[in-house]
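In structure tokens below, several structures.
Both complexes below contain chain A, partnered by chain B and then by chain C.
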Partner chain A sequence: MHIPDGYLTTTVSVAAFAIVIVFWIISFRKIKLAEQQVPMMGLLTALFFAAMFANYPVLFGTTAHLLGAAVIGLIIGPFAGCISMTIILVLQSLLFGDGGITTLGANVLNMAVIGVFIPCALFYIFNKAAKPKSRGSILGMVFVSAFVGDLLAAVAAAVELSLSQGVFQYGLSVTLPAMIINHSIIGVAEGVVAVIMIGTLLKLRPDVLQSSPILGKLAIFENKTEVEP
Partner chain B sequence: MNAPTSLRDIMAGAESLVYVEDLSEKKGLMQAINPLAKLIAIIGMIIASLFITNLTVLLTICVIPMVFAVSSRVPLKQFFLRTAMIALFAAVLSTLTLFMTPGTAVWAASIGGFNLSITLEGLMRGTVFTVRVWFCVASLIMLVLSTGFDKTIKLFASIKVPSVVIQLFSLTYRYFFVSVEEAQSVLIAKEARTYVHKRNLNLQSLKDLGSIIASLFIRTYERSERVYLAMKARGFQIEDNSKHSMPKLRIRDVAFASSIIVAFAAIAML
Partner chain C sequence: MANKKTNQKTIIVGLIAALIFVVLGVTVFSYALETFDVKAEELGAQEHQIWTAPFADYTVGGSDSQWIALAVGVTATLLLFGVGFGVAKVLKKRGKQ
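Our next item is the complex of A and B:
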């Protein structure tokens, strides 16, 4: 999903930067990083940065890697998650040349804003509406949130590419189906990994999730009830 | 016994970082330029290339990243390997353009009742896109290979990135290597218990990946508390940006950036 340089027009790149700057400012104001949180966020960002190198096979010999945006957002919250993902994307761009420098704004918009905020918002809404108590329904919500987040991030990338005609060759009629088909598979993988990860934490270290701004709002934590199998 | 694919991928990431650090320490043209001047010049080159539609001009400017690579003592094999994949992907992506762009047919065939034709205009459009993407990627790779992490952090400080963010970047970079080591031990332990990384996408391989990251997450979370206490005991506080002072822009840095910008602006306006 990383858009390299040369794919987007300057107008689209600048517009994307303008949007993400607003999200960066809001995220910073919201998280108010305390001294104690800095090492934790740095270490967790490093972990996800490393985890993103692990590729898994998709189709016809192609591979994909974990995006992790949904998991980051659900565990550490959307605002900290946005900053964390931004750091990962900047490091990927400036230390590996993965993604572009002029397209950094668009990549941050897709993966650190849409990829983080959408799963968090969906999970928050599902939780408010359903108040799940069973492990299965909680993980079901995690799966749907991660899947939709990944898919919408891909849709955003398709829109940005289609708006860049003149530099990029294809319109929305080509970019949208291509991204949706591809990310329907990757989104499922993303959802499964998110479910396994959060499921394991729910089982072994529920206290970690309890302090999460999103998962901490689950009824099982607020009412201190046991998770139903 | 081969290491699991995911371990090899993670190790390759760490090796790549070490490689970049080594190259950025070499004495060469790009390494000698102030990172801020380099960043401005490279962004200028990339933006200008977006306005160039003439294939000959694009092919000509592709010489510039190659000259940078040679004069910065970057092995050309490594340089082309790092830049080829994205350009190759762009070429594959352009395939449809060859058939979809109306114009003068240079090749036509009837396959299964469908009339397919490659047009000259399509061929030109696809080639321009691929060459431009290669140029952009090659320019960015030159910035990456000649800068290194320490200078990148100084660059952030010079463009007034908040100190807490710089601290986060530094910690992420430092603990990336710790995470790699930890991932290595987890994956080797898993392999010792007859864990086999599947070559095809299946639920089991995703479950394995999820459980590995979850166990690494728990270890990392527990470590972060110990790290904070250790840092605090050593007098940790959010550093002032002035500690990451970057060498001042010299005349040659300004000359480098401005000559690149002026030259590329002129080429783009041709």
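Our next item is the complex of A and C:
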């Protein structure tokens, strides 16, 4: 989903940068890390950079790789998650040519802002509404949040392409279905990985999740009740 | 609350998992034809590079060697860990002030 240089018009690129700068400022101001989240931010940054190395087959001979934005956001919070994903995207662009320089704003907007904040907001809303106590319902919410986050990041990329009329002759009616069909499958993979990672931490390192600004709000942490199987 | 040793263990396990991803990505799952690139090209978009990345396509000088790709992948993963950890440390310190 990394947009290279030349795919977007200057107007779309500048607009994306403008939105992203606002999110960077907010994230740097609002970020609050617990002691064990400091190495965790380093680990998640490295882990999901590495995860992008492995390309798995999707549909019609195409491949995809994990994004991990939802997992990062849910574990260390949306503000730290946005910075962590930004680090990945900046280094990928500058050192490895994965994603453009002029399109960095759009890539950060899709993957570090939408990819991180949407799953966190969704999980927050689900948690407020349902107050889940069982492991199954918590992980179900994780899956849906990660799936929707990935899908909306792809939708954002489609919107940016369709707005770049100087480059593309096609509108949203063409770009949107093209992205949504494959990203529905990629979103499922994203959701499954999110469930595996957060499920493992719930079992082995609940203290890491307890210090999360998002998962720490779960009733099992706030009331210190045992998680139901 | 977990102690320092438990934290270190988690980090080591996580980094090993990251390195496994790199090895799998370089050896087994290296074929990449991303949906986005395919669709964008089908719709007429063309890449106009304005910057030549020093390790473009995660290799050195366009080399096909898996060993070079592996070395780049491992080094980059450790670099990302260092940068992520360093930024987090600075942000944590700033939060204390």
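Keep in mind that, in the parts below, the second predicted complex is superposed on the first by the 216 of 229 C-alpha atoms of A that agree within 3 Å, B and C clash if a C-alpha of one lies under 4 Å from a C-alpha of the other, contacts with A are read in each partner's own complex, and residues count from 1 in each chain.
Here is the rule we go by: a contact is a pair of C-beta atoms (placed from the backbone, for glycine too) under 8 Å apart; a residue touches a chain by one contact, two chains touch by 3 or more.
As the structure is a computational prediction, the values presented were derived from the model and not from experiment.
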Would you mind checking whether chain B and chain C clash or fit side by side on chain A after the superposition? clash
Once chain A of both complexes is superposed, is A:I3 in touch with chain B (first), chain C (second), both, or neither? second
I'd like to know which partner A:A121 touches here: chain B for first, chain C for second, both or neither. neither
Under the stated touch criterion, which partner chain does A:A80 make contact with: chain B (first), chain C (second), both, or neither? second
For A:L44, is the partner it touches chain B (first), chain C (second), both, or none of the two (neither)? both
Would you check which partner chain A:V159 touches, where first means chain B only, second means chain C only, and both and neither mean what they say? neither
Touch test for A:V193: chain B only (first), chain C only (second), both, or neither? first
So, does A:V148 touch the first partner chain B, the second partner chain C, both, or neither? neither
Considering only the touch criterion stated at the top, classify A:A219 as touching first (chain B), second (chain C), both, or neither. neither
If the two structures are placed on top of each other, which part of chain B overlaps chain C: 5-13, 59-67 or 239-247? 5-13
Please identify the positions on chain A that touch both chain B and chain C, taking each partner from its own complex. 4-7, 28, 33, 35-36, 38-47, 49-51, 53-56, 58-59, 65, 83, 87-88, 91, 93-97, 100-102, 167-170, 174, 205, 208
Where on chain A does chain B make contact in their complex? 4-7, 9-10, 28, 33, 35-36, 38-47, 49-51, 53-59, 65-66, 71, 75, 83, 87-88, 90-91, 93-97, 100-102, 167-170, 174, 185, 189, 192-197, 199-201, 204-205, 208
Would you pull the chain A residues touching chain C in the complex into a rising list? 1-7, 28, 31-33, 35-47, 49-56, 58-65, 80, 83-84, 87-88, 91, 93-98, 100-102, 154, 157, 161, 167-170, 174-175, 178-179, 182-183, 186, 205, 207-208
Give every residue of chain B touching chain A within the complex, in rising order. 5-6, 9-10, 12-13, 16-17, 20, 39, 42-43, 46-47, 49-50, 82, 86, 90, 93-94, 96-97, 100, 125-126, 129, 132-133, 135-137, 139-141, 143-144, 147, 149, 152, 162, 164-165, 167-176, 178-180, 183, 198-201, 203, 205-207, 209-218, 220-221, 223-225, 227-228, 231-232, 236-238
Can you list the residues on chain C that touch chain A in the complex? 1-2, 6-7, 10-11, 14-15, 17-19, 21-22, 24-26, 28-36, 38-40, 42-58, 73, 76-89, 91-92, 95
